[in-house]
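Notes follow the structure.
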Amino acid sequence: MDGLNIPLNHILLVSSLLFAIGMLGLMIRRNIIFILMSLEVMLNAAALAFVAAGAHWGQPDGQVVFMLILTVAAAEVAVGLGLVLQVQKRFKTLDMDDANRMQG
Amino acid sequence: MNATMFSALAPILMLSLTAVVLMIQASIKRDQSVAWVITAVGFLLTLWSASYARDFIQPVTILLEVDHWSLFFTSLILMASLVTLVLSKETFSSEGERKEEYYLLLVLSVLGAVVLIQSSHMVSLLLGMELMGVALYAMIAFPERGQLPLEGAVKYLVLSACASAMLLYGFALIYAATGELSYAGIGARAALAYAENPMLMMAGSAMVLAGIGFKLSVAPFHMWTPDVYEGAPTPVTGFLATVSKSAVFVALSRFYIDGALYQFSGLNTALVVLAIASMLVGNWLALRQKNIKRLLAYSSIAHFGYLLVVLIALTYLEADLVSQSITFYLTAYIVTTLAAFTIVSMVAGEDTAKQNISAFAGLFWSRPLEASALTVAMLSLAGIPLTAGFMAKFFVITVGIQSGLWGLLAVLVIASAIAIYYYLRIIFAMTQSAQSSGNSANWQEKLAAIVLMASILALGSWPQPFIAYAGLL
Amino acid sequence: MVMINLILILLIGGLLAMLSERISDTMPRKVAMVVVLTDLVYLLLCLSGMPEITQLQAPVANDPSTWLMHFKTDWIPAFGISIELALDGISLLMVLLTLILGAIAISASWTDIVVRKGFFEANLLWSLAGVLGVFMALDLMLFFLFWEVMLIPMYFMIAIWGHENRGYAAMKFFIFTQASGLLMLMSILALVAVNQSATGIWTFSYFDLLNTQMTEQAAHWIMLGFFIAFVVKLPGFPFHTWLPDAHTQAPTAGSVILAGILLKTGAYGLIRFAVPLFPEAALDFSSAAMWLGAAGVVYGAVLAFGQTDFKRLIAYSSVSHMGFVLLGIYAWNELALQGAVMQMVAHGFSTAALFMIAGSLQERLHTRDMREMSGLWQQMPRMGAVAMFFVVASLGLPGLGNFVAEFLVLLGLFQVNIWITVVAATGLITGAAYSLLLMQRSFQGQANQKWVDSGLVDFGTREMLTMAVMIVALIFLGIYPQPVLDAAQPVLQSLLNLTTSPTVAIVEVM
Amino acid sequence: MSETIWLIPLIPLLSSVTLMLVGTRLKASQVGALGVGSVGISALLTLLLATEFMQNQQVIQLSLWTWMEVAGFAPGISFYFDGLTLVMMSVITGVGFLIHLFSTEFMEKDPSYARYFAYLNMFVAAMLVLVMADNLLLLYLGWEGVGVCSYLLVGFWYQHNANGYAARKAFIVTRIGDTAMAMGLLLLFTELGTLDIQTMVGEADQTWQVGATVPTIACLLLVCGAVGKSAQLPLHTWLPDAMAGPTPVSALIHAATMVTAGVYLIARTHELFLLAPIAMTVVAVIGITTSLMAAFTALMQTDIKRILAYSTISQIGYMFLALGVGAWSAGIFHLMTHAFFKALLFLGSGAIIHCLHHEHNIFKMGGLRTRMPVTFWSFMIGSSALAALPMTSGFFSKDQILLQAYQFPEIGPGLWVAGLLGALLTAIYSFRLVFVVFFGSVNTEPDKDTGWRMAVPLSILCLLAMVGGWFMIPVSEVFPASDGSHPAHWVEYVSISVPIVGVLVAYLIFYTGQLKVDRLANSSFGKSLGKLWLSGWGIDLLYDRLFVKPYYGLANKLKSEPVDALYGLIVTINQTLNQWLSSAQSGRMRWYIASMVAGLILVIMLAANLPEGAL
């Protein structure tokens, strides 16, 4: 398929950047919502990488996995948000550093 | 996709069927005991179907590999799930209205585990792991009251999602490097891909290792373990510690073996470091831990450290002795850990105060059965002869010696020596006289305890049949 | 089969003893006593059918058919592990000692144990069973199994019925022995692996492993694993620190078994495994081992002198005496080895008796602190006299077993290394110092008014009977040790033949 | 008869065991009968044996059973009987019997009467084994056996810690010598392959030539043993303290028999010593030095028993001198006579102490000549024998020793002079004792005079102390005959006259008081010298500083188990690590993720071999 053809490494670079951003978000964010968002970013980074790789090898598998990852992410977030509500209810906060009863 | 394939898939189908039936039942009439019975029957049927599927072993499409090994573990984790089921009854009967979903979640999670075990392809691995995981989050957070379960659930969700992301990204890199998603394919092209672009291959497999290492709570990816163990309802903790972990380990070893990753020395060094770290860190953390669930969490960290030694030996040994050792070790580990959690849930239940080791004082005299079962479990974890744990360690050390991993073995000896201390602390606490309330457990739990204790001792004192059997897998 | 039965009787007997508590409170100890005596009688009956040990032709160490008894059946064929028991002169001596001291220990627990009697006697019998296993097992895996398992009942005895500081002591005891046990496991597996790579067959049988070919370096390391494991149990000099705590905290019967029997398993292991399996390595190591032994003799004696706790003093005296055993074993000539064996038997009796006396004192005074006892002889002349006897026995008075043992050891050692002998001999002086101090502080001197008022009861018939057994045994060993020596002689001879007589070589070394 | 000599030690042993087992249930009279009777029988048997031996000078060897047999080491429980043995046995059983008899009265008030006789009988048995043993190991058995009995009897009145201390001191100090002796045994066996005395000396003659190293070392080790038992320098310090025991015990053990065991040992193994001239010289020197040291000390003592104790040390010194110069039979002869008169003196002092309600200080006595005639005469006779006045038993033996010492090559005359000095001092202190105690004014009234059970032994011993010198001890077969040469006559005259001078001096100082020594005694030099002598040359103090205190210190230092600290360290390390890691488990999710990320980076680096790459 003709048209613009971006080398694999560039895309992987981008995706790794995305991944790093997401991870950074996880590390610095205290609010559970943002944490979940950062997770999304990471998962999507992976998805992007898959698509790129699929394109590189000229296989459909990449896209398939991408769909899969979308659903996975959806499931995760669905449960995640459910928990968020509970957190708000039981801890009266969304700050995960405060919602911290167990340690040692 | 022919008929025999369906027979091969019997366990998976049976579990799915159970899940469906449960949903229907819930929509008709909400009743915990019914749901319980359905689940139990479902598990039993699946157990049977697992043995039935033996005659049809074959790779089912590219995704699943149904062989003796996976079927064995399928039945093993089903037994474990049965125990979990038994424990759950007491635990959740006190809960409010909605209980049936718990059983549904349990079934789904088990389904995920089975898929994970049989997976021979990144996608199936991903599916299985997520199915199991997502269901687990809900199970952990299931209790309606209390902050700890919720906190545990959130932590587990976020962290394991992060781990999954790592895993996925690793897969993506490997895929980018090899253009294959199935283990076999990867195994075939791994060497070549490494030659072409080592960084890509290594980074990919390293991230996979990290992602799976998290699920196995291998140091330094172990930090979630104690919090989740403590927060989760005890039966769920038991489930998490046994079913999910062993399923993941089976998947890992399949990936490692079929994906021919053991040929990369760099990966091996990484594994060595992880193993050593887990052995030491786990035991050091456990040394003075008061809460028995957290203590078991730490000890599990150490145990997967021991188990990694076997995986490392792959580089030097033929696969069958290794897989045999893995089989034995995981079996011993599952039985022992289940026994421990059974007793904990019988004695302490969900009450954190009762989970303190000092609360176990006098158990020997007030509840001899539970006490002796826990003692046996602890001795097995410590690896004292006549218990399953000893034979497991025997395998590890043998494999280690055969492949000359002296450094690792030295660490293993030191670690086990440290470990004895905290296992003994529990036993000692139980022997000390104190007036403790003898709240009774129902007969199923008692039965489970007895069976588990018996099997620990059987595996330890007369392992020959099992070894012979495991040799065939 | 006989040997299996010996063990089974004890195991089942233990269960019976535990259950019998339901019948009556005093039942367990009776049951236990009956069980042990049955075991003893059974063994003697079986022996009576056998050729007289003295006429027994020298057993070839690596040919079980020449042994007194031999029993073998598969256990874990996958790894060539089998249930293999065998009995020769030395094991027989040790087994007899175990059973006799077992009976004595039960007698010691007669009034000493007040709570959970059933479980106590059960543990006692089970640990005896484990010890018997250790003395008879000739499959290294089985040996290791008994070696580890016998500790668990012992651990319970200390942890449940021990004194004020039992938790610490029990833990220390268990960790020391287990950690060293792990080393031994490593060594066993390494040895088996070496043998397997050489011959291609998995086997844990002593007789197959006896002449395993291995590189010098490998032999050294593997031997070291065994050595440490056994020396910790012995206990040898730097590894002895668990012993004073364990002995002090254990209940009387526990101390009796610990000091009387369990320590001997270490010595037995050295004689049976550590040296014969690796003759050359053991030879290169012997000087070091002997210096450790000498150090133990002196160090134990000095520390014993410093103690104020009755039991602790005896515990350290054990360290000192066991040093002689180590010396005797690594001198590795017939004189020294015979001495070591004698010491194992004699020390078994003398120390067991002293611990019983300590126990009865604690039972009466509720203290072990010698600063609080004084002039007890006045009120308890019988106990005093008995104590005096065993004190002089343990300081090595000729005519009693311990002297024969120590003199033979020194005699054998002298031919190997004079300077170590000189150092060890000072143990005779320091030994006298602490033994007599013990006597002085507890039984002699001005009677302590506190005890005069409280009115102590002297030894009763049961106690005197128990003591009489040991007194007679020691005197017999002292003036006619020949039966023991004859029982051990052929075995030691065969071991010496097996190991290309290191003695000569050692002389060259030094 | 010769077949039944094993009865002689056995009978006292049996009676001892009986007394231990049932002693408390018997009446005092029965206990006495048993205790005295058993020794009496042994004495009779010995007498029979003696008569038989006198007719047929035949040596008896009797082997009961092999003690142990290991790799050619096969000592037997077997006896050897010859003239030397006979002398010793007669002394032990004879004097032993008298002392037992004496004890029945001396101890009659004591609550643990039975225990006393049990110990005493056992001592006799052990001592008999010592002298009858035909191999050194059995001898060692008796050797240690008497040691333990001595310990038990010195500490007989255990209520007083002082006695206990004295007993322990006695045992441990001798034990030091014994251990050296044991080493000697080890050496001898390793070199000669046997401990059987007769074969051993035979072997020795073939194996070694005179002056060889090995026999010298072996003999020196044996000498250590002898020095310990016989309370010679430097191991003599226990004997004076051992006087804490009942006086008859001192008479039997610490005067007549046990302390002379060392002499017996050397005499018994004299063939070995003949191979080691150096060792013999050492023995002679030790002997003479000890005897002088002890004599000076005895001069200053005030405790009647300590005086006698030091005089014993000094007299044994003479015996060692005799052995050293090769005057074997003279040494043994002096051993016998000394046994007689020293036992006599001790029993006499016992009688005094008994009647003066346990008064020990001689200056609190006095004028007892009239109050206690029997005792007075026994002291007169005993002291003259001790001082070796002519015609007394001590005279003959000591004279022989001095003369033969004079003939000893090179240092002979020196030894002789020293010996004379010793004799002079002996005379002075022994008669100082007599004059102070029995003459002058009465300081303490005796509450009773001696009963017959005391009187009879005393008088018999008096007799022996008088005529003992005419006995012919049958050791001609045992020892090499000394050349009959006699020194010049003036030597003999001097030797004879010196003691008499000594007595005169004592008379002038302590009776008439014409000879004033106060000025000398009160001079600062005299004072300090007196102190020094009184304290036995301060040797006790020296040992206390040098050995006892440091040992206690060491024991206290080590009490805390330095080795255990090592393991303690391991524990602490683990604890600290546990603390660090637990604090890492903060429960903060972000922190957990950070650790995961760190781990991830680590794993990637390891996997990609980056460490090597980086380096």
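The first chain written gets the first letter, and so on, giving A, B, C and D; residue counts start at 1 in each chain.
Operating definition for what follows: a residue touches a chain if its C-beta (ideal position, glycine included) is under 8 Å from a C-beta of that chain, and two chains touch if they have at least 3 such contacts.
Keep in mind the model is a prediction, meaning the values are calculated, not measured.
Visitor: So using the touch definition from the top, which pair is joined by more C-beta contacts, A-B or B-C?
Guide: More contacting C-beta pairs are found at A-B.
Visitor: Compute the centre of every chain as the mean of its C-alpha atoms, then state which one is farthest from the centre of chain B.
Guide: D
Visitor: Roughly how far is chain A from chain B, centre to centre by C-alpha average, rounded to an integer in Å?
Guide: Spacing between the chain centres: roughly 26 Å.
Visitor: If you average the CA atoms of chain B and of chain C, how many Å lie between those two points?
Guide: Centre-to-centre distance between chain B and chain C: 43 Å.
Visitor: Averaging over Cα atoms per chain, report the distance between chain A and chain D in Å.
Guide: Chain centroid spacing, chain A to chain D, equals 96 Å.
Visitor: Take the average of all CA coordinates in chain B, do the same for chain D, and state the distance between these two points in whole angstrom.
Guide: 78
Visitor: Multi-chain contacts in chain B: which residues touch at least two other chains?
Guide: 154, 158, 162, 166, 226-227, 289
Visitor: Residue numbers in chain A touching 2 or more other chains?
Guide: Where chain A meets two or more other chains at a single residue, that happens at 23, 26, 35, 96, 100-104.
Visitor: Which chain pairs here would you call touching?
Guide: Between chains, contact exists in these pairs: A-B, A-D, B-C, B-D, C-D.
Visitor: With touch defined as at the start, can you tell me which chain C residues reach chain D in the complex?
Guide: Chain C residues touching chain D: 237-238, 240-241, 244, 299, 302-303, 305-307, 333-335, 338, 375, 377-378, 381, 385, 388, 392, 397-399, 403-404, 407-408, 410-411, 414-415, 421-422, 425-426, 428-429, 432-433, 436-437, 440, 443-447, 479-482, 485, 489.
Visitor: Which residues of chain B touch chain D in their complex?
Guide: Answer in residue numbers: 154-155, 158-159, 162-163, 166, 198-199, 202-203, 205-207, 209-210, 213-214, 219-221, 223-224, 226-227, 264-267, 269-270, 273-274, 281, 284-285, 287-289, 418.
Visitor: Which chain D residues qualify as touching chain B in the complex?
Guide: 574-575, 577-578, 581-582, 584-585, 587, 589, 591-593, 595-596, 598-600, 602-604, 606-609
Visitor: Chain B touches which residues of chain C in the complex?
Guide: 74-79, 115-116, 144-145, 148-149, 152, 155-156, 159-160, 167, 170-171, 174-175, 178-179, 182-183, 185-186, 189-190, 193
Visitor: Okay, in this complex, where on chain D does chain C touch?
Guide: 20, 24, 65-71, 73, 77, 137, 140-141, 143-145, 148, 151-152, 155, 158-161, 164-165, 167-168, 171-172, 175-176, 178-179, 182-183, 186-187, 189-190, 551, 554-556, 558-559, 561, 563-564, 566-567
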